[in-house]
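Listed after this line are the structures, all set down as structure tokens.
You will see chain A twice below: alongside chain B first, and alongside chain C after that.
Up next, the complex of A and B:
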């Protein structure tokens, strides 16, 4: 008998492994292996095709990308000790390249470029220098994108979910319509909106002019450094809000009707019902929605690829777009991998944050 | 019904309709514009005529779009890549989920934990090293031996077959099925594979639909980042990359709108027919957290 039992366990071991193996092997080869390779490659100077052997370079790629220098400049002074002033009355500052091209006197600024500058009191000027300005813009744009899109999209989605959750005739038609953009490819959506945002014949300008009775001045939404990223944000919210509406909706529908009846008998106002009945039950849904939106926002790519390719003046660069530009277009596998690793660390921190928030309740 | 309730109801519907228009207008604009010649398209887009099929309406943009690009070819590529991936994914992922749920084997816990951990790895973060991998993988196909997977169908299929979400969806569904079913058929002498094929899978219709829809949306709609990197030859290009055709030499917006309509309308129709299933499958990704 024991022999039979051992045999049965062995058989089940074999059957279990062989059924799970194909999928697991694929996950291993095309997900886990490249994941660890990203870490390894980011510490080398690997290129897609290269005659030179690959070398280990430590954290050079990261140092290169994240290298920052702070430079405080005083305005230029003329012979009499007065501050030099330009035609518009603003003080004139020394050229940044005086510092960044001078290895002997300012080794800490060498080869860095200006990222942005902030005026300080007493006419001083703080210049933030970066080793890799394009990467810094990609990083800050991606974070800004997540920071702004996340609350707005989650808020709109909740509003829509509450609207759709009403017992009205034909409400399913509206649910279907609100969700429709989700099934359309972001590539298609981006191209459509490129047309809508157009500065000359764009639909958005036309509509705004019509509703403002001609007061609105047409804007080249995607051609302007100040409006390009907000335009992409607005479009992304338009496309994705239905997705999160559905998740909110499934959260709303888990709330027992009896809770609402109690609130009604107690004479609660509509706001009180939402505040004390609906919202507390949605806590975990809220965390989930925020996390999904943040992760989607971090991987911002097709919009940038189709609409602006990072421009104008790098105002719409994103991490994934830069990873593709470097890893594929410039065949710089190690540089692209380093960006991927940073991106993953961002995603991981959000995920751990979610774990922390949801654990608290249990 | 009292008057103030009627007004309240009317206002609610007005709000619902107003919001619906925000979601519909770009789609309507796409479709209507695809019927207009370029000159009229550009003129109309500065007024509400942009949403009306008026003026010089024809399917000319569609015929010239087909003349300009091998559209059937792109659609065939996309449908084939998406279709094969879905079929293989459903089979292999459900098979491994079956093994995770119903069988006991050494190392199961560890392997399952590792698979689940890959949840939080977005594809975008592994794309670059994956490019290096597929660039160096050998392949034996109809054209003989090749030392790289670049420029092929399988490079767009095989890496996407297995994923944590699909496996997890099946595992969750299988866990709720009665275990007695499996034990009964095992006692009747069925092999494990027979139990999977004849007992479990026939009960799994809803989850198969959910997994298939999610995979479809992921594959058909997102064919941009990866194909841009691994497919330079147009023979293997999916519909999203086919767009590049319309931006070479004198861009005709009418043709672009026609192409966008061609690649979007089937998905929208598919969605309208199966909307309950579509929405349910998106809602089911909510469980994943």
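Up next, the complex of A and C:
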């Protein structure tokens, strides 16, 4: 027989749940339900605008995106059997188009496109074909973006946090200044940086020219395939660094002063203090920062949308940008959902891997 | 105090019943021009005149910003809340008609005699919408510049040939007086690309989608398409035109301040150019790249939604709106081309002898519809990306192949848009 105390707890439990109910409902309707719907839609041919009924197509959308073909080409030979050579002395290869537009002889390559090529010994050329080159480029760009942005952003943020974690007069001004870009909308920041990166009269070019005494040739930062993605990376790091700085700062402030006092009494140098006192105490903060930065890096979108729209030549395509372009602009909801599902699986596996690496080793 | 309340209640009751005595049926109408003050006033004027002219219908206007208009219609269609009267951008109309958003118009077709063909929205043999204006593109040029460089001034009957056009660009570039010989407007991403550059492809003999065959393969990447693509790329490779990273401000001012010798632009930009150069200003027809000179046709048009319960009322409104006085009002207000000769004659700019008369002629002689198929919505987007990629140096054949494949895959996915 339950006593009064248990009953009271049950009653409180009920009150608690009923208070949480509205939030739970909202989270379910707008986060959990769409999440499962994306899974479902990615297995259909659902369109944004269509009078046709939706059909189940299995994994077609994923096959379409991930299809890969390998083609090994021999150089062209002339009538005498010699390899044809271009002006720079490199062998000339047949056009990939001869293979990818020829359904009868090469059905396995039909309608695939060249992604990249690798030179093999004996003048052979390995061409990696993909069914959906734009998706592949979006995938590789997003991975590269995460790989470079995560460590640099986390590092800078820690540096800034250490700098502003000092009992100095007016330190709050610095905290505000570093945090300011975070509270400004990414779209606004992107618009401003588009002017900074402008190839003709942008601020960056003007500064570089001034400091190099006019030696620097202006670069069209966002119009160049080699500089567009790095330009977006630099801007993204600057924009997000303040947020992670605050997380690091909160971690730093949980470290008891007494630990530092002990270190000082023991005669530790500043580096030793950081290496053996600060860093181990920041372990949980570091895990949090890494997980958040990775997730944010994979959702690269507004910068691309505002600054380059994926160009030039797909050098700044990203997964989320492609999901939006396909799902909304090209009315292919199922294709957009398929990208979202792949992105989710990617981020989930990376986060699990990070958890595994940072697990308590007892 | 109590008495006042009672009087109020009675008053309310009377207002309520009196309005239902003169029961007029309300028609909802959506328009894409929110934020454009002059345009909004003209539309409101038509609606007020219509509401006053009869006692059966009351049209209520709701305006949307152009950028989000199409999204709003799509969302409303999914939710089953379409208005009675919608306006629709010409090239998108077949897609909306196919999707079942729109019902064919039941207007007496004799009232549409003499309308520019670009202002009538037809699909599958049915008329779905009528435009109160059309737009046209031309090559903006200065007579003095062409004469100084010994370049023939083309006419509607004798436009520049492909070779002549190319030679003119090279001559102008070599004169050294300009940053670029021609400004194509690469800064204007979006529908401008298929609207402005698609007709070049059509003049070469290709198209974004072959409507008859219901596929892009062969039309976009056939011999004509490849020839167009090579020409397109050569414009950028030879630095005759500014590339995709062109600044929007340069697009607006570059021709007028003299950094571009020629500019490919629309009639909406004509007045500032005329103000700047006066009699020296020329609006030249598109070059003939092989199968005749062509420019894009079709702008925003009015139609009826399929879910409207009062199609007769919506029809009556559209019939009312296509009077010449309203067509010319739009032209006077926002500089668009009136779709009938009578309306043109009522405007200072497009009447015979008027400074922009040439655009009416261009629209009449050269206007070519963008591929009239529901597949155009995706086709236009794919074409835009292909044009940008080729301009940035991508391989022409591979890019056009991929674009054609993507459009065809979309057509397949929609069961041929049948």
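Throughout what follows, the second predicted complex is superposed on the first by the 331 of 362 C-alpha atoms of A that agree within 3 Å, B and C clash if a C-alpha of one lies under 4 Å from a C-alpha of the other, contacts with A are read in each partner's own complex, and residues count from 1 in each chain.
Basically, contacts are C-beta pairs under 8 Å (C-beta built on N, C-alpha and C of every residue); 3 or more make two chains touch, one makes a residue touch a chain.
Only a predicted model underlies this, so the values are computations on that prediction, with no experimental measurement involved.
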item: First, second, both or neither for A:133, with chain B first and chain C second; value: second
item: Partner with the higher number of touched chain A residues, chain C or chain B; value: B
item: Touched partner set for A:177, first chain B, second chain C, both or neither; value: first
item: Contacts of A:48 with chain B and chain C, given as first, second, both or neither; value: both
item: First, second, both or neither for A:117, with chain B first and chain C second; value: neither
item: First, second, both or neither for A:199, with chain B first and chain C second; value: second
item: Common interface positions of chain A, toward chain B and toward chain C; value: 48, 328
item: Residues of chain A that touch chain C when the two form their complex; value: 45, 47-52, 64, 95-97, 100-101, 111, 113-114, 133, 198-200, 220, 222-223, 225, 309-314, 328-332
item: Residues on chain A engaged by chain B in the complex (per definition of touch); value: 9, 12-17, 19-24, 26-27, 29-35, 37-38, 41, 46, 48, 160, 163, 166, 168, 171, 174-189, 191-193, 195-196, 201-203, 205-206, 209-210, 238, 242-243, 246-247, 249-251, 284-285, 287-288, 291-292, 295, 298-299, 301-302, 305-306, 320, 323-324, 327-328, 333, 336-337, 340-341, 343-344, 347-348, 351, 354, 358
item: Chain C residues within the chain A interface of the complex; value: 71, 74, 77, 95-96, 98-100, 189, 243-245, 247, 250, 377-378, 381-382, 385, 388-389, 392-394, 397-398, 401-402, 405, 409-410, 413-415
item: Of all residues in chain B, those that touch chain A in their complex; value: 9, 12-13, 15-16, 19-20, 22-24, 26-27, 29-30, 42, 45-48, 50, 92-93, 95-96, 98-100, 103-108, 111, 114-115, 118, 120-122, 124-133, 135, 158-164, 167, 191-193, 196, 217, 220-222, 224-225, 228-229, 240, 243, 253, 256, 260, 263-264, 267-268, 270-272, 275, 278-279, 282-283, 285-286, 289
